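Listed next: structures, encoded as structure tokens.
The two complexes that follow have chain A in common; it is paired with chain B in the first and with chain C in the second.
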Partner chain A sequence: MTQLNLAVIIKLEPDFSEGSVSYNPDGTLNRAETKSTLGPHSAVAAKAAFYAKVRYGARIAVTTMGPPMGEMALQQAQQTCDAEELHLYSDRIFAGADTLATAEVLRAGIQKLEDKADIVFSGHRASDGETGQTGPQTAWKLGYTFFGNVIDYHVDVQTRTITIKRIVSLQGFYDVVEEVQAPLPVFIAIDPSYKATFNTVSERLAYEKYQKEAKIRADNYKQYLKVFNVQQLGVDQTLVGLPGSPTIVYKVERIPKGKANRKAEVLDGSNPEHIRKAVSKIKEALSAMVIK
Partner chain B sequence: MEKYDVAIIGGGSAGLAALKQLSNLGKQAVLIEGGHKVGTKNLSGGILYSKKPKRGKVFNVEDVYGDAFFTDKPFERKITSYILHAASKNKIYSMDLTAAHDYEANFGYSVLLNKLNAWFAKQALESAQKLGGGIIPGVHVNSISWDAQTGKTTITTDELEEFEVKAIIAADGVNSEVAEICGVRPKFTPSQLYQGVKVVVKVPEEIINERFGVESGEGAAHLFSGDVTLNHIGGGFLYTNSNTLSLGAVYHFDSLLSNPTDPSSLINALIANPYVSEFLKDQIPLRKEIDKSLPQEEQMRVRFAVAKLIKTWYELRDAALSPTGRENLIKSGKYSSAEEIKEKLTFIQDQLTQKYGVSFVTDYNESEYGAKLIPDGKRCRMKKPYFKNILFVGDAAGRGIFIGPRIEGLNVGIDDAVRAANAVAASLDKNNFELKNLGESYSFAVEQSPYTKDMTEIDKDYLKIFLDAAKDVPKDIIGSRYGPIIKLMSSGTFRSVAVKFANILGYDRLLPMVESEDTYVKVPILIAERLGKAVNSTYLPSIPSLAQRIAKLNYDDDKQSHIKVIDNKTEFMKKLTILCPTKCYTLENDQVMLAHEGCIECGTCSQETDWKHPRGEKGINYQYG
Partner chain C sequence: MTEGKYRHVHVVMELEDGKLVPVSLEMLGEARRLFDDFNKKYQSNEKVIAVLLGHQVKDLANQLIEYGADAVICADHPELKEMRNTIYTKVICQIASDKDLATKIEPTYGAEFKRPRYMFFAADSIGRHLSSTVLTELESGLASDINKLEINDVTITHQSKTAGKPVTYEKTIEMYRPDFSGFLWTTILCLDNKNPAIERDYHPQSCSIIPGVFEAITPDESRTGIVLDFIPTIDQKDLAVKILSRKVIKSEVDFDSCKAIVSFGRGIKDSPDENIKLIEHFAKVLKAEIGVSLPISKKPFPVNQSLSNNYMIPDRVIGTSGRKVNPMVYVAVGISGAIQHIAGMKEAELVVAINPDENSQMKDESDLFIKGRMEDIIPLLIEELKKQEKTVEA
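Our next item is the complex of A and B:
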């Protein structure tokens, strides 16, 4: 069987889970206080790549652009997908990059991988920027066929073709599943609803084996990590970082709070009188409903 | 279709031992487990024995896993004292049965199955993977079929594509679905089963040491009879783990059916006993009601801060009161000395009391409630534990030892598993899976096991130890009923004759005489009242309600029910509204309804329901087991 090579682009993002996130008094994110973690969409991308590891024994590389701390996200992704190669593109020059300048760095990085990537995975979008542009732009720069909202895929390793399923909304109908076949290489932005399923005993055995391997590798992730600065990456400095960014974040505004149209009443669960009140309210609501 | 040599169904202690033994013999096997992880669906009272019978050989845990078992220590404590108590109200009379516990034993360790089976799994998986096998969690087997022409065995599951195997080891527990699928035996009946309920209670390690008079690493086992049984045949137990206690009640299912009692109240009766409650007690932080006049954000902040501080207090206290815990904390670099840990603990405690009005009261801290059915090997062991190319082991084969205070299951399952694995390996070598070669040779091997002998005959030497321990009990208490028997049994020569005679009679005829309300309830109450020491409780344990107990459990709910009531008007089902350990059934208009799915998969109701294990990954996830 010929080898299948995958790359996953990921992002270190603020951890929005409870207890980790911290806000400034004005309601904006306090980046210094907030912990960082592998973005949830990036994690789905890593899971999607792991599927190919289990099914086809694929070789996986995970890449990210970010501060030195980004290696944390790489380690987390490695634990998910059992990657053989980790790339961190880190340089002060990269700071202030918009999606296009980021895509340029990722493009250069992916082309520096030990083996040419047959499939590149990205998340649906980042949970902090939420533009969903970096993936498609990287695909365009790489010259790869791009598929977004992918929920399932199968590879014919011999003929080097991929069959993907993607969720699209079509003429007002949501959740139409489109099945597309394409020659490799391709770029896949994975849909958040993606869930890998392993249906045979051999796949399950491989799954357990690679998961164990992933844990061991992630414990020694430095061994797999390569860090590149702008020179090492060999990118045109005018195309990266702030100078390479045609867009900037000019202003962030809070989303105006929608006007509540429900009247809420706070009840004390330990007070029987309040419970009685709640029950009678529920009864009232139910009696108004027509049950067919 | 994918093909494998052997499938082991069920990842409990027996199934895992089979996998490890097959791997040790260089044979490929895959183990299919329903839980999302091995060990999450297993529950045991909690002692794993290693035995050295005078006659014959058994396969022990260390024979399967080697010295790693002693170096990795996946167990809790080595039980060094074994005591039987007779209880009546606040009076307790104790008999030291350590000699009976040590009888023919290399050791008996207290264990928590979640941890123990996870360790077994790690060892077995490592060996199995080298041979192309392994463990597949989260898969529920729903059928097995044999091709009429070729005899090829196909396993069908809820989750995976069908696959073919040459032989199967069924280790799917007391409610074996494999046994049901192939119809090799009827479901076990109430007279063949015990129902066990257990709670895990947290107590710091060094407090356990002091209270039970043991060193770290050593432990005690206490058994209870008398009024704590609420007039049922069976008893209570209290085992020491590293930093928890296993407190449980095991009763004849028959006895429970004839006088239905809510299983959680059987546990509660033990907790309420002053002698027991003194073992369980600990310092418990009690939160102050939050001042509702404070702004909502402040209320939230206080609630959050108190929760976090209490959590830290528990963790730190647990570590501070354990030699290895202190060592680990110092090693981690967070603290420089034991004093510093103590200071920090006092600091947190002060903060809780002074800043947040938390008071520290004497109470007990219950962590996990669980239940399981236990097969009484004397009554229900499968005489021929095989069907075609399927071998049944452990609970699935109805094999467990229950002789008075002698309760063994895990070691029996491991011994069976090794015998099954050996038989399968020999069949693989010959590529012959016919009954004569596989099933019957396994059955023969199991018959040779000293454990099988224990399930069929009385051991007069064991009986002597037991009688010696009871020698201080005045004969008149035991009464006219047992007087002559005891007298007869106490004399060496007569005992041999009597036991021989008894063994001719057989367990079937003897058991109703010995396993009676007199033995487990009335006589112990008399003993305790006459000879017992009075113990007074220093506190009133606040026992959680069943709802609170269920709320603490961790489930992966399944939209699809795994229980179907067949007839909702039978007497049995009506009794189930009381006997289900999590009260899954209610009675509405004289009909039994499945009220909720807080099912902990004990199978108590399986006799008259269409009961299956939940689909893969679904259902209960025990944290301790």
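Our next item is the complex of A and C:
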């Protein structure tokens, strides 16, 4: 049986959990004070790859573009998915990249992995940028078939085909679960709702074994880590970082307060009469005829 | 830059089961408004072009003209019946680079035509990915989740784009996207590199547009436009994906059949567990469904696992990144009132806010603003609701 090779693209992101996150008085994120961590969607992608390790004994590589600190996120992801190979693409020239220029670095990096990736995983989107574009853009550059919002997958290792379930949400319409089949290689962006289940005894035993191994590997993650700068990656310098970014951030402003749509009657929560009034109004509104 | 190289806006239509998804018409409406201004301002005659892919969908073309398109390019093919990213990307790119189509739309500039000036996609789970792959193939820039657009001449001094010298970029589309906090607007521009060292054109300037933000125009049957058939070149290797099944699912969170919705935001943070339980109780008494603001779905505080899994989830988000609701009663608990949230609930009949801060933006969006802490107010509301319930029964 030919081995299954996986790559997971992850990102170091601001940690939005209480105690780590810091907001400015105006409600915006205080980036300087906020800690960094493995992005939550990246973590789901790593879990989804680990599923294939447990089920098919796949080999996993985790890759990221970012500052040297990015190795922290790689270590966290390794602990989740028991990766054999970690890649950090780090160079000052990569700074300021938009999604297209980021995708170029990731493409080059994934093509430098020891074994050609059969499936590349990414998270749904980053929690800070929130574009969700880097995954599909990297996929297109790699020439891999792209699937987004993936909630489940199975691989037929013999025939090198994958069967995928994905959610298609169309606002103002219903949601659809689509089941599709494609030959490898593919690139899948994992939906936040993805959950791996291990049903058989052998799967659960494998799960425990690989988890133990992951812990040991993550404790010695440097041994698995390769860092690449722009030369080592061999990318065209005009296609990465600022020079390779079609888009720029022109300005950032506070969203102006829209004009008041309603005129609120202000009630005092400690006045029983006001509470009574609020409830009466609510009851009145609820008993109105429904004409939709 | 010659005048004819980059022209028009291509608006990529989205269909589900052969029917137009609402955002398709919303995008056309915004493109129409922008181009009416554009053509006046620049004394030009550039077109709003709807790009329609599918099978047996040509009947929709007239509707698209009524909704603002000057031209509809229709790629009707059995292999395009279902949306598959690879083949859709290829066909959209073929259309975007086709000189014959451009000549039929505008004979004067057809020979020079290279790419559309702008491209619009929907920011949903189809358009988001499709825009990404299309713009990678066309090697140009893309901004996501846009809720405001303006076209202007802008003068830029940029280290990389202009080698630090001021350059005026004509007809630049300013693409505004709200950030995750809902308080900041970032304007993205897609600009050619004018720096001699790295000179490169980046067209089309493209974005994905948040559904529900823009309004479709009132359809006008007297509008005229041209409908062009496009016969796509289809490579068998781009058809490797097989769709095995498609099942419509209904979310377990049912905002539509409940008369009331109680939503909560970051204001629960002092004691999240207790407050969510309190809101749960309140919603039960009110027979309401529970919604949340976007930041809550990112699980910003540690909360009891089952409460977190039940409530702090994307499925419950109300707003532009979630669902649009129109209940009889909407109670906003500890919600600051970011515009994305407002966009999701502004159609509610009665809006009640519970908030200690009278300066909160939520006040301008409520009919009743109950000032105070939710911990104090909700128990009183529950008690009073039960009391009034009994009175009615008696």
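Just so we're on the same page, the second predicted complex is superposed on the first by the 239 of 292 C-alpha atoms of A that agree within 3 Å, B and C clash if a C-alpha of one lies under 4 Å from a C-alpha of the other, contacts with A are read in each partner's own complex, and residues count from 1 in each chain.
We adopt the following convention: a residue touches a chain if its C-beta (ideal position, glycine included) is under 8 Å from a C-beta of that chain, and two chains touch if they have at least 3 such contacts.
This one's a predicted model, so the numbers in the text were calculated from it and none came from an experiment.
Contact with neither chain B nor chain C is seen for A:D236 once the two complexes are overlaid on the shared chain. Once the two complexes are overlaid on the shared chain, A:L205 sits against chain B while remaining clear of chain C. Comparing chain C and chain B on the residues of chain A they touch gives the larger count to C. Applying the stated contact rule after C-alpha superposition, one finds that A:V180 touches chain C and leaves chain B untouched. Of the two partner chains placed by the overlay, neither chain B nor chain C lies in contact with A:E33. Within the superposed three-chain model, A:S245 lies in touch with chain C and out of touch with chain B [touch as defined at top].
By the document's definition of touching, of the two partners only chain C reaches A:G148; chain B does not.
Once the two complexes are overlaid on the shared chain, A:L286 sits against chain C while remaining clear of chain B. Applying the stated contact rule after C-alpha superposition, one finds that A:T163 touches chain C and leaves chain B untouched. Those residues of chain A lying in contact with chain B across their complex are 199-202, 204-205, 208-209, 212. Every residue of chain B that touches chain A in the complex is listed here, in rising order: 2, 4, 30, 125, 129, 132-136, 139, 159-161, 163. By the touch criterion stated above, chain C contacts chain A in their complex at residues 14, 16, 21-23, 85-86, 89, 124-126, 128-129, 131-133, 135-137, 139-145, 154, 156, 158-161, 174, 178-191, 193, 195, 198, 200, 202, 211-212, 240-251, 259-260, 269, 286, 295, 298-302, 314, 323-324, 326, 328-329, 331, 336, 338-339, 342, 346, 349-354, 358, 361, 363-373, 376-377, 380-381, 384-385, 388. Interface of chain A with chain C (complex): residues 16-18, 21, 23, 26-29, 40, 96, 98-100, 103, 127-128, 130-133, 135-137, 139-141, 145-149, 163, 167-183, 189, 192-193, 238, 242-243, 245-255, 257-270, 272, 274-276, 278-283, 285-286, 288, 290, 292.
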